[in-house]
């Protein structure tokens, strides 16, 4: 019983990562109709926004400490972060500690900017092109973005911890009267879950309570006619892409403490997020979110030993098995709309 | 007993009764026109005949066999071809290729892995297709990319694709809509000629009364999903109800 | 024999991961290779050539031939690695291939070199199989292996954490993970530990929370992470996030062990590594003459200390060159003969034996611990114990290594 | 094409009043095919102009170029609407400037209900008839407001397309075959609507294969052939001129 | 559509010529020159060009003709490789049975996967194929290790039974793959002046099979079957109402392309008897998609070009290191040399991926029809010079883009 509860909780937060990534992807893929293989890269860029902020905050000047030596026997250079010397170690240290949450402020404009540039410079020309061409160009873009990041940050993961206040875990089991340590849950993952909920809610509200969503859907179905009705659809598409990029970026920035960012983390998520979006059903935001949580939870269950011993290797393939079953029983995924990307 | 017997067909779309208790009998080797106001259910009826829709109740018999529950391609193989209201052609292919496909479909059935074809068999199909294009006056356009033709041309092409299959029952959904008058007249002539040359039954939906009255042997008027009257063209023309509900001053 | 050097130079093939998750390891290996070539050709300060016990090399290339090299990208995929190695052999006339990023790749390339008739000097590969069931006459491994990690770690673990511990293994679900799991479990059980559970995790996993969450509940009080690379960084980070290290289980402090450490991974895991035990092949913090010489020339050239991947790469290059010089021939069979049973010192690991039976090097193994107060950004691991070579040795037919045979050396063509 | 000069002398007759919409030397291409080959004509405020010609003559292309759609690409020429340079605008700007096009294939937007199709037209300024008023004009649409637009019958779609154009505040209505697929009674009705619209001062350009009906409605007519203007004069002139009718309109 | 038209015979002849003369064509630079780095005429790479060419040609039969975008074809290639290696382990080192088995097994495998996946279309189909392939990959990498040898890949060993051959070769090593005694790896080297050309038996086996595979693809493209497949792509509704059942057509195309993939996998194992799980990963499936689009979807020659392009980057650009760069620019003054090396450095060696990514973008932006379009534009330029006046007899017909130049 507690194992089930435990894995459900776990699945929830894994699910919130999937859901958040899939949400951004479905805005581009399910709404704008662009098969965006660079979405994973946008997620990765988001995570590197967090890395960048923490690097900027720890940007240091060097002073030579003649009493100590470095590994080659030369006098040791001691580094002090500028922020610490400007704002004093107390506040400066706190800034450094809170680098990841602060990076949200940085990631939003940066990711919107990147989204803008990518859409205006590249994607714009590909709305009318076949999906295959979109794949080629966005895949190329993903590689380039990755390589650029690799060039500056290296291939190795870069630890980007959460603020000290969120370190450690919460004993959920004790709260509901189970024995200690039965169900523990890291604080930062709770933060991530709530963060995801807020973002998902905000995007839903924006698309639900404005005509924006309808216009973009219409524009995707028939750009020409929407133009005839006086709507500058290009602008809407750009905005949509910017939002999607920002959602992906925020998902990535906040994810940095969960897994240290590396340059190929986007590719690791790419396939999975496509599966999530498609299982959710093309063009459906609730579908993407639902599928994200569902697959997250199922994946958690599949990693339980009781289940693995019954079906060896099930945790390796669970996502795909579920995807196949759902797509075969529900032609358009969980909540897909008819005619969206079916040809 | 007609070649096509529709009995008690009902079709609902959500709250809308698109077809209610439709009975229709089309006699072999006649042209049967179905007219009626917009949204009367004419296209829906055709959809039920070709397997695009399945009626909620009722039966559709073609030549003594039920078409219900069969897939569109099976129904076509029974000898029913259809021209759609908005042209359905193979847009990325050339005009000639568009016509060749039904030629092969007629010869080979629903599926054949004919990756290798003999020269003579190939030629036979090619000749057949070219003959058809000549009939519809499109030989000079045979290498054109069919999607970039004007609408009138697309309609003519689609008709050629259906005719080349030599169907026993040809269903035409507004075949001359958007066609220039000259082409409309050509089409009328073509259909008449085909009818004379071959055993063929046609069911035609058309709002252009000139076409209807030139071709039809019998007319069914459909209104709000039910047949209003069925009669000869002369009688329909004078039918007061039909004049009021449908023809207006055109008659 | 294949690719016999005819002109004034001889070509080595450095086949390392340049793209993909291990690209940084690959880059460090490559740095070491270039340094080795420099030293062989008599440039630079000579590095470990000066401390190496064998004096057959004069710093004028090998047998008077200048050393040249080509590089390639394994992408950490068997296929790509073999393609790259083949191009070095077929196109560039490489006579020796070295490199590696994972055991799968090393075994695959070793097999290729055996068939093609060139020497393979494996670098980063830790699986028992490389010199166990998949050993080849043309292949040699300087790096240590999973068995040795277990043999070195277990006593230290027992001493530190006591002998009635209950271990929970998380293991990357592929060949290397399995051999390491087997080795560590066997070694710790010999000291009285109990293995509660062995859980396999998919290689592609990035979030290990669902594997880590049940650990506390299982009654285990030690978590052993048989992971490497990104897997290890993530699983360790996740484990620390879940607060495992702050818990008391069975009245004991909960502990985490990462049997195979590397400097780059320690960097990737950041703070989480502090106090955690693991093993390495070598460390730049050693104080022997060889190490000091190597760290000096590497550090001077590149500005930071070498990783243990770099050291094994450097050593393998020197060892090959030296074997050629001692044999007086580039013929792979002569080189094999020269390397088999070769005893040497001065390459940073103390006295070392290249065992003839399986082409595995035997030397001391380091037990390392994440440092609590690093003095600088490279000072992440500290040496806890230097396990003497005798303690990590095993018989060539040890069951964990049984099943293969070296076959005969193949000079090719 | 030898007839061209004969009719062109009529061209300037009506051109004494100042033009409201003027198209001057318009050239347009689909990729490399040269479709609109130097078209010049004027439309006066409040009049109805019939733009006629055979299938493929370039009527649709001309309308699309005026509405500033991306294809065909207008490479040369000027279009002025009430002193605004349309030729410098993109489609959405032209729409805001007062151009309303009812496209020949109706272009009902898939995935949107009838009502959403209309709402979409009322997002960008300037906004025209209210949706309720449009439902009054086409009660059929009101009944179907929650239905997905593309599942409407052919005629209903045509109504929706016209309604959608009127939902915006337009100065010039460009109609591409508005009668196509409509029942005769509905054609009558739309004709009345067009007259009503004309009374409101809206200028209309109508392309129609049903040339007689169009000419009866129109003040003036322009005839296109292979992308060039072969006639420009009053509607009555066309109806009277046998040669012209036979040559270009087959009526 | 029938037999072969004259144009097709020429195309086939050109392909055959290019394939057979590849050892010369791909080695334009003399041995030892700085440019020798760019030579691609060594057996392994030539084999790869051809094998991936076959893979892409087959893939194009599905994707180029029917428009069904499969993201799982690498699985068939992988299965083909595994079958071939097992054949070498169990039966004999002759490549013929291995290749035949790999085609059959891949065919059966694709029949099952295709049958299920083709119940959906569009992106739903793509994800189904992706899911099957990723499942196969994950299983091959770990759970099925007894059959696939996991991460390392399935290899030959000295104790394989090989019932119709020897377990060990005469010299005590593992025997090599051969075609009735001709060893696949045997290479004849020809020195011509400063040039060295390598003629490898395995390569020529691949090349002959490529020409056959190309011929078959050409026949399929030109046949009524090919026409039906293209019809599937442009309008399935019309196809159904024309009395044709799209499913068996697409399934046939899927299985044929699966068999091509199996053939490629079998050949790969025949040239180098190892079958790794990496071959089945989604990135490998993605690669063949990229090859096809890059070369020109729906054209006959395009996929082969695309395959060559990508493999060339992977194998040649990845090997250019700073050392080589300094070699090239050595003649220049030091400052300039260093600057040039600095500029080029991020794009070669470990940066080869970056160059490839930029190339993908450049090609798809500037040549929407892929490399084939580039070729056609060039050809057009030349033709324009030849005959200045067009023969536009009709009014403004747009010619359908002719498939498969």
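In this document, chain identifiers A, B, C, D and E correspond to the written order of the chains, with residue numbering beginning at 1 in each.
The rule is simple: a residue touches a chain if its C-beta (ideal position, glycine included) is under 8 Å from a C-beta of that chain, and two chains touch if they have at least 3 such contacts.
Only a predicted model underlies this, so the values are computations on that prediction, with no experimental measurement involved.
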(request) Could you name all chains that are in contact with chain B and with chain C at the same time? (result) E
(message) Counting one step per pair of touching chains, how far is chain B from chain A at the shortest?
(response) 2
(request) Compare the CA centroid of chain B with every other chain's and tell me the farthest one. (result) C
(message) Relative to chain D, which chain's C-alpha centre is the most remote?
(response) C
(message) Taking the mean of the C-alpha atoms as each chain's centre, how many Å separate chain A from chain D?
(response) 48
(request) Determine the centre-to-centre distance between chain B and chain D, using the mean Cα coordinates as centres, and give it in whole Å. (result) 30
(request) Starting from the mean Cα coordinates of chain A and chain C, work out the distance between those two points in Å. (result) 34
(request) Indicate the whole-number Å distance between the mean C-alpha point of chain B and the mean C-alpha point of chain E. (result) 46
(message) Give me the residue numbers in chain A that touch at least two other chains, ranges are fine.
(response) 313, 316
(message) Two-or-more-chain contact residues of chain B, please, as numbers and ranges.
(response) 148
(message) Using the touch definition from the top, which residues of chain D touch two or more other chains?
(response) 30, 33, 56
(request) Over in the complex, which chain B residues touch chain E? Could you list them? (result) 50, 71-73, 76-77, 81-82, 84, 88-94, 97, 100-102, 104-106, 108-119, 122, 125, 140-141, 143-146, 148, 161, 165
(message) Please output the residues of chain C touching chain A within their complex, sorted ascending.
(response) 20-24, 27, 173, 197, 199-202, 204, 206-207, 209-211, 213-214, 216-217, 230, 233-234, 237-238, 241-243, 246-247, 249, 264-265, 267-272, 284-285, 295-296, 299-300, 305, 375-376, 378-379
(message) For a test of understanding, state which residues of chain B touch chain D in their complex under the given definition.
(response) 13-14, 16, 35-40, 42-43, 85-86, 148-153, 174, 177-185, 207, 209, 245-251
(message) List the residues on chain D that touch chain A in their complex, please.
(response) 67, 69-70, 90-92, 95-96, 100-101, 103, 107, 109-112, 116, 119-121, 123-125, 164, 168
(request) Using the touch definition up top, name the residues of chain A that touch chain D in the complex. (result) 211, 214-215, 217-218, 221-222, 224-233, 283, 337-340
